[in-house]
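The data blocks that follow each hold one structure.
Look for chain A in each of the two complexes below; its partner is chain B in the first and chain C in the second.
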Partner chain A sequence: MDVNLFLQSIINGLVLASVYALVALGLTLVFGVLDIVNFAQGQLLLLGAYVVYGLSTKGVGYWTALPIVLVGSAALGYGLDSALFARVRKTPMNGLLISIGLIAIFGDVVQRVWGPDQYDVPQPITTVITVGSVRIPGARLLIVAVTILVLIALTVFLRLSRPGAAIRAVAQNSEAAALMGIPVERYRHIAFAVSAALASLGGVLLVAVFPVDPTLSDSPLLKGFIVLILGGAGSPLGAVLGALVLGVSEAFGIGYWSASGTQVLELVLLIVILYFRPTGLIRTAHEATL
Partner chain B sequence: MTSAADRRQAVRKSGLVWLGAAVVIVAVGRSSNLEILNVGALTAIWALWSSSLNVVWGYGGDFSMAQIGLGAVGAYMEAVLVTHYGWPFWAALGGAVGAAVVVGFVIGVVAARLSGFYFSIMTLAFGLALLALVPTLAITGQSTGLPTNIAPGTIRIGGLEWNLASRRGGYFLLCALVLVVVLFLVARLVKSPRGRAMVAVREDPVLATSVAIDVGRTRLVAFVLGAVIAGIAGVLYGGYLGFIFPSLFTFSAIITMIVQVVLGGRGFLIGPLIGAAIYVVLTDWVRFGGQYSDGVFGLLLVVIILFAPKGLCGLGADAIDAFRRRREAGRAGTSLASGNQPGSGPTGTGPIAPASDDVGPHHSVVQTDGTR
Partner chain C sequence: MTNTLRQQRGARRATVFIALVGLLLAACGSGSKSASAPTSAPTSASTGASTVSCASPTSIPIGASVSETGGAADIGQVWAKGIQLAVDIANKNGIIVAGKCYNFSLSEQDDATSPEVAIGIYQKFLQNGDKYILGPGVGTVFTAAYASAKGDSVLIMTPTSIGSVTTGYNPLLFQTHITDAGTGGRVYAMAGALAAKYKPTSVALLESQDPLGELHEQGLTAGFKNANVPVVYAQYFPAGTTDFAPYIAAIKSKNPSLVIIGYLDTYVHPFLQQAVQAGFTSPVFVGAPGSTFASIQGITGISNYAVSITTRAVDNASDPQVAAFRAAWTAQFGSEPNSGDFWALSYFDDVLMLSKAMSVAGSIDPTAVATALHSTASESYPDRTLNLSFGSNNIAQYTPQMGYWLNGQITYVNLPLG
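Right after this comes the complex of A and B.
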């Protein structure tokens, strides 16, 4: 077996897994706390990617753009939830429909501002690490490293901080949380803001490796859903593990087989899991849920 | 509490509605304005396609995202049978509907185990898998596509004659007639026990089970019916364009369909028609929003969900209800015992098209915005 292709597939798989994990974590957070399936998650990713590109043409560097995009998308998420989704809390279906409307709106905004062309963003890291005969681009390692850092930070936030505890309380039982004096609505907005920031971070990381174009978000959104189902909706740990499984197997499928075949196979995988284990592959113990 | 006279009046009223529809269709069909004919045909096709979602979702309560994929199955099947195997149009239509039924049955059996958003994701996965698979087959012309070569023959009414494949009225007539027949059958279905069972399952599956409705089977039947309608719509869509290719059936087409159904009104017979008419007239005729019409309709979807989740038909029905209640209240002042008939009327446009005799003054139990 070709060692080079094997290692390359693992690295590519980890890169894919990182982006899928970020999208799926956002989806699972919003689903767990707000009962909403946010189809617009992919568009938030796309928006993040384009804003980094837009800022780069204005001379703003990658590392300056990163915090700007994160704060901006968190604010956007907070605003979207309080202005739109908060009004349809009683019927989650309507929340899903609003997110579908947002797909079309954001898609057009991106088209209007940047057009259908493909752009390259200046690479934040051009180093290439060579291990034996294998060349590993530093940017790919960066994606994986940043994602791991964010996962740790998110875990600490949800597990150890008071706002994190409040978000988990709202997810488990919003009525009880309200009775304990937690401002439930505000923490729902915050959960949505965090989710939006995670999605846009996925976009920011993607442009470090891939060019920006309007279809950039199509695959991550669908994969986000597959990961969400794979890991069990509402389970952050499941989302990360699901992303690892899907990302690495996808990279191997593309490396050793064919891209379109892998895509169909992933959809079949989603169907099979939904059929046999709609609550996810990993039995979500209480600890594993939000 | 309904007399035979009331029922006769209802029948006469709905007969008038269908007659009116026929007059409008023939009038438009005689028009020589190609633009009107094209807009009319496309409206009928989209109304049909969206009606397939309306049956599954508006009446049955399952939000399916596979309807575009099922329409693609119909369109491709017809094109392959006609172009590659030389089948006549009507036989190919049968084959296309058969294919849509088989695929719809498989999806329905698998997806009917799930409900809520899991059902939606399942149908989305199937729909996308279909759209990813179709172009990989050599016989579909892959990403290039293939011609549909539609030839449905001619129709004669009295001294008038239309070539149904013709852009000069014939194709519009074909689409409109198919739409009217399908809507008529859906209206019949909704008033039948099976249709009422569908609405009961939508409103409360547990309660429906308790009155001996087989929930799984009812949902499956609704889904397969939706597949039949989607298959027919796909064939007509392919015929309208003359040439089909994979990027016609993408996620944005799914969004278009959702916008039409929500805009017109979920669970109303003519909701999809109204939604489709607005969509087609604004995008294809007025070119409202230019190349950004997607965003405009996304905005419209958000606004409708926030302020009128029942859609335009819902707004209309509410207005009629309020008007009737006020009139009843006025009449009740003079004579208390007059027969009160709240509801959206017997013309077959109501959320479940309630005939006043079955639900009486309390029919609001089943009149909701059609969501779960």
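Right after this comes the complex of A and C.
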């Protein structure tokens, strides 16, 4: 066995898993709290990526752009939920349709502002770590490290903070939460804002490695939905586990087999999980959800 | 857990599943970012001396379905400029047909690189009574739109490289690109040229997972086999791929001396970027037909890169055949054409040849004009950019070129066809 290919596949798998996990975490948060499958999550990711690029052309550095994008996208998410999704709360299907409409709107905005071209953002980290003949670009490690930090922060937020407990309460039973005096709508807006920030964070991290173009979010979004099913909708830990399974198997599948074969394998895995474990890999009990 | 909760959970799972299926279907539908191919020849002005007044010309509607957004947007935007430039030149000169002056009335629609959108655009053109349609130029998009127009007496011009393969010969279909398929095709010839130029010990092929990518891979594999160069890696990547690191790791483990990636700049550029990051810079890298030198711009560490020019390099100031086009382009857009603007010729020459063919035919009837387009000897188009020859099924075609990049210096060479 080629040891270098094996080790490189592990690294590549972790990077893929991190990208998928970031998208899936945002999806699962919105789904857990609002019962909405937000198709526009990919567009929020794309918007984050393009804003970083746009700021870089104005001389704003990557690390300065990062908090600007996160705060801006959180505000956008809060606004979208209060202005649009809150109005169709009782009919989740309408929320789904709104999210599809947002894809068209954001897509058109991106198209009109930045056009179809591909752009490079100056890499924030150019260091390459070499272990034997395995090379690990620092920017890829950044994606993995930030995803781990986000998972820890999200877990602490949901488990140990009062707003996090409130969000979990809303996710589990919004009527009971309201009876306990929790301002349900406000926490729904906050959940959507956090989800939007996670999506844009994904975009910010992606541009550290990949060029920006209108298709940047297509694959991560599709895989994010698969991860959502694999891990269990509404379970952050499940999202991360699902992303790991998908990312690592994809890297090894492409490295040792073929991409098209790996795609088939992923969908077979999805069917198997849906058949034998329809609640997902993690979501076996109520407590395991948000 | 109560029954109500279980039902809610079930409904939520069903919603997610339906959403996923919808997304998968959407991905399948919009999938391939294919490329397409080139076309015909430029010219500057002349439509023949005439004393006919063009003060109030009669309009000839022309519909154009161009991929200005979507997967092939980077090519489509250049196509759009080529069409507009040619229409402006033709209208400025006036189109003299049987003693009467005409001009083109262009209706350009963005097909978003989507077969479904292109079909809708075609139907709109047909309902408007348009007799001339340009595009789409992307093979997979063109095939669908073209099929929807069967039976209509409309002259269609496209630079797609797979149109003739999928549609067969139609006198009302004017293609100006040599096919990519078969041992007489461009891709096969490209493999031979690369083998002769770089003398690789082994080759890796990574193509987009769609009909054009498969066509490329078949042609390249056959071409390298004929040149006795082993292909040690041949795989496809799905449309929308941005992370090529797993592919690069697999290719690197095979240690090829030449790597071909297809076939759009939006794929090749990130691939090259990530190859440099992975320390994989020693092979000769080649962009499959569809990609340009824009792929390697801003990338340092790779010495040898090559692309196939589907029409004619228009950034080559020393080529007299493109001088008229370069002058017209610069006058219209304010800057000289760059290495990727050769795509503009795909339609630029078509439109100018169309205006000339109308004069030759003495009619604006599509059948008569098509006959003139297909049968007129090359001397009828003295001011076009390139000399066209006609293939076995009477399809006009350019002689393609290869562009070889060595540490920033580009050399263009005509590609000898079998």
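One rule holds for everything that comes next: the second predicted complex is superposed on the first by the 272 of 290 C-alpha atoms of A that agree within 3 Å, B and C clash if a C-alpha of one lies under 4 Å from a C-alpha of the other, contacts with A are read in each partner's own complex, and residues count from 1 in each chain.
Simple rule for what comes next: a contact is a pair of C-beta atoms (placed from the backbone, for glycine too) under 8 Å apart; a residue touches a chain by one contact, two chains touch by 3 or more.
Only a predicted model underlies this, so the values are computations on that prediction, with no experimental measurement involved.
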First, second, both or neither for A:Ile229, with chain B first and chain C second: both
Touched partner set for A:Val264, first chain B, second chain C, both or neither: first
Chain B or chain C, by number of chain A residues touched: C
First, second, both or neither for A:Gln41, with chain B first and chain C second: neither
Which of chain B and chain C A:Ser18 touches, first, second, both or neither: neither
Partner chain in contact with A:Pro137 - chain B first, chain C second, else both or neither: second
Partner chain(s) touched by A:Ser195 [first = chain B, second = chain C, both, neither]: neither
Partner chain(s) touched by A:Asn94 [first = chain B, second = chain C, both, neither]: first
Which of chain B and chain C A:Leu102 touches, first, second, both or neither: first
Which of chain B and chain C A:Leu84 touches, first, second, both or neither: first
Doubly contacted residues of chain A, that is, touched by chain B and again by chain C: 37, 92, 96, 111, 218, 222, 225, 229, 260, 263, 274, 278
Contact set on chain B toward chain A in their complex: 63, 110, 113-114, 117-118, 120-122, 124-126, 128-129, 132-133, 136, 251-252, 255, 258-259, 262, 291-292, 294-302, 305-306, 309, 369, 371-372
Residues of chain C defined as touching chain A within the complex: 1, 5, 9, 12-13, 15-17, 19-20, 23-24, 27, 33, 68-71, 73-74, 76-77, 209, 235-238, 240-243, 245-247, 249-250, 252-253, 265-266, 269-270, 273-274, 277-279, 298
Chain A to chain C touching residues, read off their complex: 2, 4-5, 8-9, 12-13, 15-16, 19, 31, 35, 37, 39, 92, 96, 111, 115-118, 120, 128, 130, 135, 137, 139-140, 206, 209-211, 213-216, 218-219, 221-222, 225-226, 228-229, 233-234, 250-251, 254-256, 258-260, 263, 274, 278-279, 286
Partner chain B, residues of chain A touching it in the complex: 37, 84, 87-88, 91-94, 96-98, 100-105, 107-109, 111-112, 218, 222, 225, 229, 260, 263-264, 267-268, 270-271, 274-275, 278
